[in-house]
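Next come two complexes built around chain A: one with chain B, the other with chain C.
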Partner chain A sequence: MRVLYYPGCSLRNSYPEFEKSTYEVCEKLNIELVEIPDWNCCGVVPSLAADNVMRHIGAIRSFINAQQKGKEIGTNVVVTVCSMCYNVLKRVNLILKEEADTLKNVNDFIDDQPDYVPTLKIVHFFDLLREIGFDKIKEKVSTPLEKLKVATYYGCALLRPEGVQIDDPENPKVFQDLVISVGAEPVNFPFKIECCGNYHITFEPEIVEMRTRKIIGSARSENTDLILSPCPLCTYNLNHGNETLKEDERVPVVFFTQLLALALGVKSYLPAEIENQILKKIGEEKNV
Partner chain B sequence: MSEEKKPMVTIYIMGKAYKIPNTLTIMKAIEYAGYRFIRSCGCRGGFCGACTTFYRVKNDYKLHVDLACQKRVEDGMYIVQLPFIPAEKPKWDLDKMRPATDEVIRVFPEITRCLSCNVCTQACPQDIEVMRAIQALRRGDLENAVNLTFDCISCGACSMRCPAEITHYQVFQLARRLYGKYETIPAKHLMERVKEIEEGKFDDEMSKLMDMDVEELKELYKKREIEK
Partner chain C sequence: MNELVERVTEISGQNVYSCYQCGNCSAGCMFTDEMDMLPHQVIALVQGGDKSVLELNTSWICASCFVCSIRCPRGLDVAAIMEALREIKIREKGFRKVDLRKIKDVEKLPQIAITAAAQKFTW
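Let's turn to the complex of A and B:
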């Protein structure tokens, strides 16, 4: 499987382990990621005003570059692992597919690049995993994570608004499917789709603290070993919440690709301490 | 050919019309029209970035930017020169920094406001891909940003046009200095020259110049060797 790949700034600047573990997983699952040349920042926050297209030019310039690269390699599928980037790219692409006048405005404004013809398909990495099939992934697992209890935290960006959701927004299960395929036990906790507080972390960190403490507490009440996150910002906020808790109330937060990499027997880029904890739990002690 | 028979064009300098021979650069044209430069004029050779000039031409909605010393006049040009680009230069200490893009973003957080409009690139008289370089910094690619902006003359046109209010030329200067300090191989000849200067090799010549009066200096300047 060969797809266009949009990494996003957070993976490059804040969480390289998310991207590196993704590459490891892809090699194991025969997914070839072809990075979009000269991709721009996606814009980070989708514009809430319907007519403010200016905020989306960065995403659209990336689409134009992707469209050209896609012709070369014969695909129209763009994949991203960051759930915020996914949310923005998917929403912008939808707008351009549905609103002919907006598309024309944008193409007229971007007069230094070819027009965008909205034929790209924006998908999240979960969509690719689902396409490959969780039973197929299970076959490739070399280190089954038995006995490991994993809370699957979705956040908001993969599920809302309507039109971009990768699963049922009220009761998603794709994340649990992944956890089951690697042999671990998913923890179905009530706060799995609650918002972490998002960008309030910059000006009102108390809001984030309040929310993430609830999320972590809810996951922890089910004796969970780990919280899996699909999102750099959620991870940042959950870690911030962890810092405000006593040591024995904390739950480590890792990216889903890191756990998948560990199960597939490739480099997980997990902190050694967490990797050892997991291996100890599943009874496969490794000498590091 | 006499002056009158040369093809003339009409240009507008800050709104006032002047007939100018079409062979002149904007800089020469402004002088031809009777102005005397006390600013917005430097090397006259396209290197110093002092003569940034904004203009529009007939039947074109685009605002153009060029160096006055490099661009020939066109009929119907409306021109204005910017004497100065207002920008605060933040202080940084290279010794305490790493050659990484997050260091650049820390000093200039406004680069994350980039809207990808690419107006900066369109404003650049040096044809630098300014937006690509800013986005390279967002992507964590310091080397790319440095290489893309090597020809920057710090004229500041990009920074006057940017809706995100980025001062690109200062951002790139920091990027290049970080890269130059930590990532490039030190130039041996430069180190040797710096050592010579520090040891006072040129002190005598320098004080000879400092002691000359203006007339002597002028004479010396006229007789200087010019690279052809």
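Let's turn to the complex of A and C:
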């Protein structure tokens, strides 16, 4: 499988372990990621103002580059692993597909590039994994993560608003299906679709603390070993929440691709301490 | 249509009069603890053209998580209405919600946090 790949800023600057573990997983699953040349910031949160398309321009410039590269390599599929980038790209692309006036407006505005013809298909990495098939992924697992209890945290961006959802927005299952395929046990986690507080971490971190303490507490009540996250900002916020809790109330947060990499027997880029804890729990202690 | 409804409609593309005050948005909202008034109450004020709604913190606390929007039985994008209320203030001459230079721990934060705050709090 060969797809266009949009990395996003956070994977490059804040959380390289998210991207590196993704590449490891892709190699194992025969997914070839072709990076979009000269991609730029997606905008992070798309404007909800119907009368302002300026904030979509960043995403659209990346679409134009993706469209050209896609022609060269013969695909129109763009994949992201960062859930916020996914959300923005998906929504902006939908708007351009549905609103001919907006499309014309931005194409006229971006006069140094070819027009964007909205034929790209924006998908999240979960979509690709589902397409490959969880039974196929299971066959490739070399370190089954038995006995490992994990909380599958979706957050907002993979599920809302309508049009972007990768699964049922109220009761999603794709993440749990993935976790089951690598042998781990998804815990009962009613806070899986809740919001971490998003950008309030910048000026009102106490809002993020209020949110993430509840989310972590929900995971903790099920004796969860790990919270899995698909989002750099959720990860940052959950870790911030952890810092405000007593040590025995915390639950470590890692990216889902890191756990997948560990199960597939490739480099996980997990902190050694967490990797050791996981291996100890599944009874396969080795000297790292 | 009063002046406030006109602005909100223009910016959000939403028909606020279709809200019948069921309160589903407020029931699902995860941020109500921090809000001056609940989301459905804010919409009622908008319907009535009460501009004091612009001075409440509700729309600024809303983090666009879209739980309200996917649950509204009238199909209203409530998050977009909250954005419209923010935008009305942001577009006022001389208005300044935040000073981006005063973000705490700015070196530690992932840049998406800062960019998102800039998108939501500044024009």
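General remarks:
In the analysis below, the second predicted complex is superposed on the first by the 288 of 288 C-alpha atoms of A that agree within 3 Å, B and C clash if a C-alpha of one lies under 4 Å from a C-alpha of the other, contacts with A are read in each partner's own complex, and residues count from 1 in each chain.
Basically, contacts are C-beta pairs under 8 Å (C-beta built on N, C-alpha and C of every residue); 3 or more make two chains touch, one makes a residue touch a chain.
Predicted, not measured: the structure shown is a model, and the values here were computed from it.
In the overlay built on the shared chain, the residue A:94 is in contact with neither chain B nor chain C. Here chain B and chain C are compared by how many residues of chain A each touches, and C touches more. In the superposition on chain A, A:34 makes contact with neither chain B nor chain C. Contact with chain C, but none with chain B, is seen for A:207 once the two complexes are overlaid on the shared chain. In the superposition on chain A, contact is made by A:112 with chain B only, not with chain C. Contacts of A:279 after superposition: neither chain B nor chain C is touched. By the document's definition of touching, of the two partners only chain B reaches A:57; chain C does not.
Contacts of A:9 after superposition: both chain B and chain C are touched.
Chain A residues 9, 13, 41, 43, 55 lie at the interface with chain B in one structure and with chain C in the other. Remark: chain A residues 8-10, 13-15, 41, 43-45, 47-52, 55, 82, 84, 156, 160-162, 169-170, 193-195, 197-203, 205, 207, 210-211, 232-233, 236 touch chain C in the complex. Put simply, chain A touches chain B in their complex at residues 7, 9, 12-13, 38-41, 43, 54-55, 57-58, 60-61, 109-110, 112. If you check the complex, the residues on chain C that touch chain A are 10-13, 30-31, 33-34, 61, 63-67, 69-70, 77, 79-80, 83-84, 87, 98, 102-104, 109-117, 119-121. Interface of chain B with chain A (complex): residues 101-102, 105, 112, 114-118, 121-122, 131-132, 135, 138-141, 163.
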